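We just call them A, B, C and D in the order they show up, numbering each chain from 1.
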Amino acid sequence: MNYHQILTDITKKVQTLSDRGTSASYIPELASIDVNKFGVYLKPIDKKGCGVGDFDEKFSIQSIAKVFLLIKAYKIKGKESWTRVGYEPSGDPFNSLVQLETENGIPRNPLINAGAIVVCDILLDLLPNPKQDFLQFVRKLAVNDAINYNEKIVASEAATGFTNIAIANLIKSYGNLNNKVDDVLDLYFHVCAIEMSCQELSKSFLLFANGGIIPETNERILSLSRTKRVNAIMQTCGFYDEAGEFAFKVGLPGKSGVGGGIVAIHPEKYAIAVWSPKLNKKGNSYKGMKLLELLTTETDSSIF
Amino acid sequence: MNYHQILTDITKKVQTLSDRGTSASYIPELASIDVNKFGVYLKPIDKKGCGVGDFDEKFSIQSIAKVFLLIKAYKIKGKESWTRVGYEPSGDPFNSLVQLETENGIPRNPLINAGAIVVCDILLDLLPNPKQDFLQFVRKLAVNDAINYNEKIVASEAATGFTNIAIANLIKSYGNLNNKVDDVLDLYFHVCAIEMSCQELSKSFLLFANGGIIPETNERILSLSRTKRVNAIMQTCGFYDEAGEFAFKVGLPGKSGVGGGIVAIHPEKYAIAVWSPKLNKKGNSYKGMKLLELLTTETDSSIF
Amino acid sequence: MNYHQILTDITKKVQTLSDRGTSASYIPELASIDVNKFGVYLKPIDKKGCGVGDFDEKFSIQSIAKVFLLIKAYKIKGKESWTRVGYEPSGDPFNSLVQLETENGIPRNPLINAGAIVVCDILLDLLPNPKQDFLQFVRKLAVNDAINYNEKIVASEAATGFTNIAIANLIKSYGNLNNKVDDVLDLYFHVCAIEMSCQELSKSFLLFANGGIIPETNERILSLSRTKRVNAIMQTCGFYDEAGEFAFKVGLPGKSGVGGGIVAIHPEKYAIAVWSPKLNKKGNSYKGMKLLELLTTETDSSIF
Amino acid sequence: MNYHQILTDITKKVQTLSDRGTSASYIPELASIDVNKFGVYLKPIDKKGCGVGDFDEKFSIQSIAKVFLLIKAYKIKGKESWTRVGYEPSGDPFNSLVQLETENGIPRNPLINAGAIVVCDILLDLLPNPKQDFLQFVRKLAVNDAINYNEKIVASEAATGFTNIAIANLIKSYGNLNNKVDDVLDLYFHVCAIEMSCQELSKSFLLFANGGIIPETNERILSLSRTKRVNAIMQTCGFYDEAGEFAFKVGLPGKSGVGGGIVAIHPEKYAIAVWSPKLNKKGNSYKGMKLLELLTTETDSSIF
């Protein structure tokens, strides 16, 4: 399959759509991004990748980083990871506090804010230098040392992320955080402020398409079985209360971020990352969703 | 792969588990089933199937029939099917009324009771003889004329199905049922009271593994794209508030029923049905879940 | 205090308000009422009453009848009345099903639909001829045999009261109705379809201002202590999710109905009934609320 | 009426009850209080007061202070006070975050934590030296300069009050706090940490029984109309999700605190404060509720 040709064609189609939505406004630093940016990069497991548009420009990956958090904890703690966070779709918006109150501070899954905050707390207990160690881990996945936190975004979130501060304190009130709320949020805000390009992002997710092994280095990060389980969580929980929509229309495991990025993988085939800052009402990239829908529909290639 | 050997092995393992849960008690007729029944049948697309235990004994398929309802409506109405019911996981129990009230009588998806009731209403508008026509449709999918409604189960549900009556009336109060509540429920109670064996059930689901075509008759029921979409809905919504659990541990699109049946499919490979009446707290067959988890874990064969 | 003068003055003020809201549309028979009707009647315990406007025209008292239901059951069963229904404000709309689901079918209080339906079930067990006996009871309270059910309204509600049918079935599913749902609802729809004028209504509520004794006949219906408790329930629960508003602005125990009636009492002083069919968003008479607010504000006479 | 005799009698009765519940454990400093403390003080408007037990021992008034907050803001801002907080019963526990999320950060009423936090924010905008000015206000109400914040309790709450921190941040995320969260909470934690004895507390609430005027100094704090409205809020919202219970069994406007104190007033008659640290499941003093129930039941003196 000539992926470059396909990407070029569907990018054209998506670009003719009147773009709806707005960029994330609740993080001031994100609101200043040029909303016309658009990039996509597809990396097959065993071939060269190809990209269209602003595919090598870095952007804030935001919630996409929750997948890295999850596998870092899963890799170290295994099954035990699941005592303090579940793996069920929440059926609620990404930042909802309602379920925490009715379910004793146990987040539904690690891909909503509450869940990722609990995973940050787990990692604070496990890693000697949490921020550095975690960044090193992401660099390893991406086989790329030029990946960093954007401290401006960190500061912006720390100053305005009241909902996340509320979530962390509510979880703490149920005893489901061991560390200080400020320390947990410091890691969380850093993790969300990682910057990567579509090219880097697709490469860093390739292990999920490859049974848990980073193709370039041949290093195994997760067993095949656990990789499949993480893919399943991405499928059912990766898009908040639009997970069904994404499964229905795209049909690939993936994860979105309010920076406008979406990454998805096709097991045994490829990883793809797309970036377009305008978000739909559910907080997912409007054009990014459309592009991925066109990709799998036109190539009849969803996992289902 | 020698599926018969695998089924035999994992059945042994599952049978040594101390069985937990109880059979569905809220439908009196179901409560009288022998809880020690156990059957499993796997039907590959292009090979002979194989079964273990009570695989050719009929049982009440209950909610599994919601998938048949869905594709009957989807086949006729196409996209329009989705104006009155969504395709998002509910994150709530199968019989919850809460979301209906906050979401104006539009059920989250067609695989929870509320959604299937709306689909019944749609079919009442589309089919000249709804009950007969629908049964005929299921017989076609199963390539088997010996499939019937169990009228005793119908009567049992009609007499005690207060939650479903409540759901249907609440939907009606929001104007999302065109027909009389009693007529809608009559169809719904019939559909849930279809009886099939594991062997029949796996065969009737084979089209989902085969891109929308019934292998034996070569009849196309759904386009490839729509088949994938229905599979996606099964994956994200097929197990109520345990959809994440099933995706995580089994990793196949599927559907369960309170009769103790579960059916699942592996695209391009097979359909499998398992039956064991004791249900876990979420209303899914305890041993059925375990068997399917063992199957995909030991063969590393989930779709993810 | 010259109540007639006060009523005349504040009626004028209220009539100059641009009337907002609409009459209850979900009961077709109620939607046909002339929305410009307006009546008010105040009956002191020991003096002649006085009225303004359409005070002797009968209208459908609807939910106001829930208070009669409550005291009929309380009179017979005493404390035991409170095992199947509570006395807490619901904080939710009058017809909400949400709390029933999270609180196992036990309604929050007897003045929301769910609670009154449970009280109907209790009365079915207690009264030999429930509908006749209950009507007789209301006639006794009003010292008036010309009080009747409006069978057209009964038929209208029975045909379109889907939310109430849903509520009753949901309660039944939790085992909190002993009788058949249809029988319970038949009594409930009758009770709500009682017709009374403002004059009749104020007279029938005078016992609540008089420590449980009907002044005209000197018959004790409830002990002083129980009368105070019923008044307390009216205060905290009599106006659905506008109970706080009514307590804050009016400051009298009372009860509203979607027919546009409101009745309120001032302990040891009077009962007052007002009728104006247009309802605010919470389902309470717009002008009725305004008139009562003016009455107690201008006379500084709330119970607080 | 010989109040001293009555108090003595009902205290004896209450003291024979096997005390249930536990003292507030979520504020470590409160958990160390001797749970056997018991005091009650009743202050008529125009007569000497009388007390039984530990009536002159200071305790942490906690949420009772929310009433002082409310009237301080109401006194200055009048009607405008009600644009950022409502006056409806919440129907939920005192520290619930659920309604904030579904109602855009507008708390239901000023007597739940969320509402009092918003009132603190309002006062920060209105008062030059918020903490000193507020304390001065409470001293004026109590006609007593020996009233102070307990800084140990402040520190204890600041260190462990995660739920309140969550609430304040959630409100901030909806834009319903003007000031910094830390500043708002600093005032809130101080206000809750005021210490008063039953004697002091009953005196400071006497204005609510006296139409808004402090009897001893003859200073008007609120108009009669506003006083009645505050009393109405206490009646419908003063006991969280037990407001109905208190109205039903006691029938007086009042307010409780997790320090074990309850204060209630009878308009035109008296104010009464009771203190007993063990709390029932709803967070209200177990014996305090019982004593007040006995008081109004035996003297048939509720406002209803």
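Please note the rule applied: contacts are C-beta pairs under 8 Å (C-beta built on N, C-alpha and C of every residue); 3 or more make two chains touch, one makes a residue touch a chain.
As the structure is a computational prediction, the values presented were derived from the model and not from experiment.
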Interface numbering overlap (same over half, different under half) for chain C and chain D: same
Chain whose mean Cα position lies farthest from chain D: B
Centre-to-centre distance between chain C and chain B (centres being mean Cα positions), rounded to whole Å: 46
Centroid spacing, where centroids are CA-atom means, of chain A and chain C in whole angstrom: 55
Whole-Å separation of chain centres (CA-atom averages), chain C against chain D: 32
Touching two or more other chains - residues of chain C: none
Pairs of chains in contact (touch as defined earlier), listed by label: A-B, A-D, B-C, C-D
In the complex, chain D residues that touch chain C: 86-92, 99, 108-109, 224-225, 227-229, 231-233, 235-237, 241-245, 247-249, 251, 253, 267, 297, 300, 302-304
Residue ranges of chain C touching chain B (in the complex, touch as defined): 96-98, 101-102, 162-163, 165-170, 172-173, 181
